[in-house]
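The two complexes that follow have chain A in common; it is paired with chain B in the first and with chain C in the second.
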Partner chain A sequence: MSSNNVYVIASSMVRVSRYFSKSYKDLVIDVVNELTSSVGSIDIDYLIVSNVFSDSILEQLDISTILAQELGLTPKPTLRVETGESSGLTAITQGYSLIKSGIADTVLVVGVEKCSEFPTPTMNKHFIKFLDYEVESIYGLSIVNEVSLLMKMYMRKYGYGRDDLSSWSVKMHSNALKNPYAQLRFLITKEQVVRSQVVSDPIRLLDMYPVGDGASAVLLSNRGDIVNNEVLEIVEIAQATSQPLNLREDLLSLPATKTVFNKLLSKSKLDLNDVIIEVHDSYSILGYLIIEELGLVERGRAPSIIDDLDNVNLSGGLKARGHPIGATGVYQVAEVFKIMTTGLGDIRRDSCWGLIHNMSAVDNNSVGVLVRRCSC
Partner chain B sequence: MGRGLPVGIVGWGAYIPRYRIKILEIASLWGFDPQLVKSLNIEEKAVANVDEDATTMGWYAARSAITRAGIDVSEVGAIFVGTESKPYAVKPSATIIADALNLPNKKLASDLEFACRAAGEAIRISLGLVSSGMVKYSLVVGSDTAQANPGDVLELTAASGAAAYVIGPKESSVAYFEGYYTYISDTPDFWRRDGSPYPLHGEIFTDEPAYFTHIVNAVKGLMREYSLKPEDFDYVVFHQPNGRFPLKVGLELGFTEAKILPGLLNPWVGNTYNAAALLGLARVLEESKPGQRILLATFGSGAGSDAFSLVVTDEVKSKVDKAVKVTDMLMNKVYIDYGRYVKFRKLLVRV
Partner chain C sequence: MSSNNVYVIASSMVRVSRYFSKSYKDLVIDVVNELTSSVGSIDIDYLIVSNVFSDSILEQLDISTILAQELGLTPKPTLRVETGESSGLTAITQGYSLIKSGIADTVLVVGVEKCSEFPTPTMNKHFIKFLDYEVESIYGLSIVNEVSLLMKMYMRKYGYGRDDLSSWSVKMHSNALKNPYAQLRFLITKEQVVRSQVVSDPIRLLDMYPVGDGASAVLLSNRGDIVNNEVLEIVEIAQATSQPLNLREDLLSLPATKTVFNKLLSKSKLDLNDVIIEVHDSYSILGYLIIEELGLVERGRAPSIIDDLDNVNLSGGLKARGHPIGATGVYQVAEVFKIMTTGLGDIRRDSCWGLIHNMSAVDNNSVGVLVRRCSC
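== the complex of A and B ==
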């Protein structure tokens, strides 16, 4: 029986990796086949595709129609979503909106990105497009440069040394070891982090996400009872934008993220320690700032509590699961769904609530989704 | 398939220019992280002088090969030069080297191009020519003054050097070919367009989908077809674009580090492209003992790999000291700074 509620009823993904012999279509077909074989025959009303670089590196516009043709979903309508690095979670909110508005009953959300098609210099030309070209990137400024400024400020303000900020990466790699879909499934030490290559001082290679390809699919529906497995209800969605970094009063706060968290948590009195949380840690310093913004820990204290944090980025986060740009937000939802229902590999939690956060650049925009396990 | 071909290496020769530049000097000039140099396992690289090129170095190595072979040059029926830095875009290098060595006019002669594995292909062709009886001896030369775009990571490794092999009848060989396997695909990992002075490369594409995939498939193919196991080999020599890849691919294939290190010259010579694996083999022949088995695996971008299984014969001992050894050339070195390196490699355009 249909309702006005929106449920996550199934999810699938491929391991984030470098797929030299698979096209973006192959990756999408793999995840959609896996998803449909897990739920059986379900009518899909709408296909939403989250992808950032299709026209930059795949010479492809209207990628959602092309994929609908490839997947045999015609004549169903489609939509491609692009809001920078947060595209994936924006796509989920768009699917939610279609169902809430009554336009669709069931929406297939696919996130896909091929980032290892070209070498770094080519990809860097595209990665900087998340910033304002006329104000920032034209001067050669990229996200990592902005993030490195934040990291320096954070170290100075709270008296941290470079070594103190390696705990995030170490923890994420430890988490990713258990996630079968993570790109970097190996342990690292704090020493390895500070010894790794400088990307933009003080940011080192092991402070940031790896470049990888990925595809993930999430099935949203207003009917939670059409599958046999447990499902999650999307209780709240939130999206916000903020001023560019150069116009912010406090560089160490994340205004859009703050707005998103406030909206997500305003109606529910949740103990955050009981919530499965996935945040957008493209750089370790952003991981610290986000959980401080969330109120999980007071400002300036995040690096010291990481070792004991056992409900944040169980997937390994962007740092170690990987960050296939447009697909990342869809991965986050797909992972939280599995963690709270059937299990993500051996990772399974009985928590009733899940909170997912995805953003673009340094909080240029931010998206959040709050889910609840229906059996709770 | 029968074990052992009626073909072997009759003589070998090598050439490493005596000039060396420390990799950290190049890294420091261009702002590379010293950690990168360490991770690539490279110390220094050989630099050819202003008056050296692929033909002069190739000639030197070939002369040593013929001296070690102790053959009458009039019986050499073919010469192949594997290079990607030939002095003439059109006009064979093989003819220059052949005439300088007094090879007969009645012969096959060609330059081969397949990035760093052209000389490996030359060995494969020579196996066919010798085993069919079309020629008695075939001379294979791998020689390169490897080009690298100044400031590109490739500049940390691209070096100069040459190696040459006389391929002939098994009876007079220092090591005979027991088997071979070649694995080729169209993989755009590294290339130099016509008219471009420097090659370009696709970073990660040179790694897993290129070097590792092709060498692993060639070596596994060889071991499968000839029922060989990693333990059956006493030495393994791989193409060596840096000091790290050969160790990584060797360990991945199940070989011990001790079997890889004797033929790993890259940390002290650099990547001599077509000469890289063949110089490693020359170094191994110098210390090998009769009956020992050597695996040689070339690699060339574009991409392909030839794997050969060689068995050393009693002849090897008497040949080692007949020409300059790799071991000696490794010790004979003069360090130069980046300025002199720029001059030697003609990186400044003068009119």
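== the complex of A and C ==
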């Protein structure tokens, strides 16, 4: 008899990169083959695919069924979920729900995105779709515009110069150097950040995530003992939405993220310094705001602690590991699983707890997952 | 304390039509307002949106969050699901899962699609995306091509002429005449079907669904007693995928649909003649094949029983009620709810059981829901 708990029992991914010669199917087959070879023969009851741009970029709908056919998983049921940039972690929450409800015992969650199919100017027309078309993007507003506004407000409110806000990017590149799956595996300096191309002043190219392709897979099960390796239990999940930026009172708070963190942390008295944390730093200013929302540091003080931060975005984060949109949340869970069990390259921590945060646009919606290493 | 059962407690919809002057938001606001005014003040824990073409047609991703903002539902979590033409019923199954798992008590499921934003030739480029791009649609194959092949095979195998296969369409238009929400509310004759425009021989225009917009809403809850009206209990759900048509041995069977019906009906000894049934008849030949798969009639005999069929697609089916792609499955549940409780226009049946079937392409995936009237 299986328990009612939900465990992360395996994960796999390809390095985030530009795969001009591989289709989305190739990438998914690679990660699923690696995952299944690591756990042996396990019956999969349900396939969930997190993907954002299949309709507009890949000319493909019902992509979860097409992938089930390709992977030989028919007649198993499938599902594609899409909640913008947070789709990956939303997919994990749906897998959790299907197991908790007794509908499935084991769920394969796959994240995949091909952002290199078209040149960046074309892709930019798709990236703005996370904002409200009728209210925001139709008038030319994009996420980077909104984020540049936040960065200006943050600098003014707390008295920072442009240089002071480059520490996040420097740290993320330093972390990514140790992650074999990261897209940007090279060190940068604060000077390079400030001298990089202006995207939307004061946001520079090295303040933001690179465009890349990716595929990642996570196996969820109600049987933590089905594999010989260490596994993680999903202790809590949380999801929330918020009003669009133009309707918020305090632009420097992230209301959905706040709701999510409150729910994740309300039941346990965790010291966050002992937790492996992955947050959605698509832009460096969002990284600062998120760790302030998390309570790791008081508001306005985030830039001062970055150099010493040794438990946040060990993967390199969206900034340097990369952000293959629909796949990102699945990468985050896949990475935390490896960091806390077998190791992500040389990155391994004996932490008992992991916290993952994934969001869309400037916190339009936010998702969080709290995991515990079962051997703790 | 709430039960672990899941109930359909309310439904609403707009007439399927071409709404040139209404946005998708307008349509959703209309159906949600109607739904909430019918049940009074009920706390909604989760919004699920079934929509297929938002990315390519509406320039909108994360549509479920945008709708939560528009409906004043923030900070409640949201989810968009997409499994091609069966997205609507897949959304219902995810709502069921979220309630069964204890994550939510009450889930609002909304289906919405705007297929009239572009002319039909443009839309046809989107409708082929349900097939595998790399294997089928890139070479010009479309669903209507596959369906015309099946129709030819069916005619040859069972000795029917073209005229003999017009009864489904005639019946559906007759049913739709009584459904105030149906798109095609006019009678047709067999002669009109056969004389209508060729789409892909032997498929004629009146053999297939019309293009239309729609929005529909269903409220699911673990509290069947929260409203004063009669409610339905979701007794069983089932989902399955199948190999693409080119890899199937028997082209005239529908393997995913078969798996779904087997699971839905295995636990109860239902006389199908007493069940209100809604099936996915996007093309009339699929209507025949589905009711044969269901066991309502032996294989090859479906055309002979259509005139007397009084419990299948009382709504008019996809053929005549219309098929607003991502909204269709939600319409099916909304209609069955009304037929079995307050009445769908003048259509009302005291049946205890309802069975709903929704699928994508030629049975690439299929979803089924079995409901029971609680007062039975």
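Keep in mind that, in the parts below, the second predicted complex is superposed on the first by the 375 of 376 C-alpha atoms of A that agree within 3 Å, B and C clash if a C-alpha of one lies under 4 Å from a C-alpha of the other, contacts with A are read in each partner's own complex, and residues count from 1 in each chain.
Here, a contact is a pair of C-beta atoms (placed from the backbone, for glycine too) under 8 Å apart; a residue touches a chain by one contact, two chains touch by 3 or more.
This one's a predicted model, so the numbers in the text were calculated from it and none came from an experiment.
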Chain B versus chain C, judged by how many residues of chain A each one touches: C
Partner chain in contact with A:14 - chain B first, chain C second, else both or neither: neither
Touching partner for A:254 - first (chain B), second (chain C), both, neither: neither
Contacts of A:277 with chain B and chain C, given as first, second, both or neither: neither
Which of chain B and chain C A:120 touches, first, second, both or neither: first
Partner chain(s) touched by A:208 [first = chain B, second = chain C, both, neither]: neither
Which superposed partner A:197 touches (first chain B, second chain C, both, neither): first
List of chain A residues in touch with chain B within their complex: 18, 20-21, 116, 118-120, 195-198
Chain A contact footprint on chain B (complex, rising order): 33, 35-36, 201-205, 208-209
Interfacial residue positions of chain C with respect to chain A in the complex: 23, 25, 52-53, 55-56, 58-62, 64-66, 68-69, 73-85, 90, 94, 96-103, 126, 129-130, 132-134, 137-138, 237, 239-244, 247, 255-256, 259, 360-361, 364-365, 367
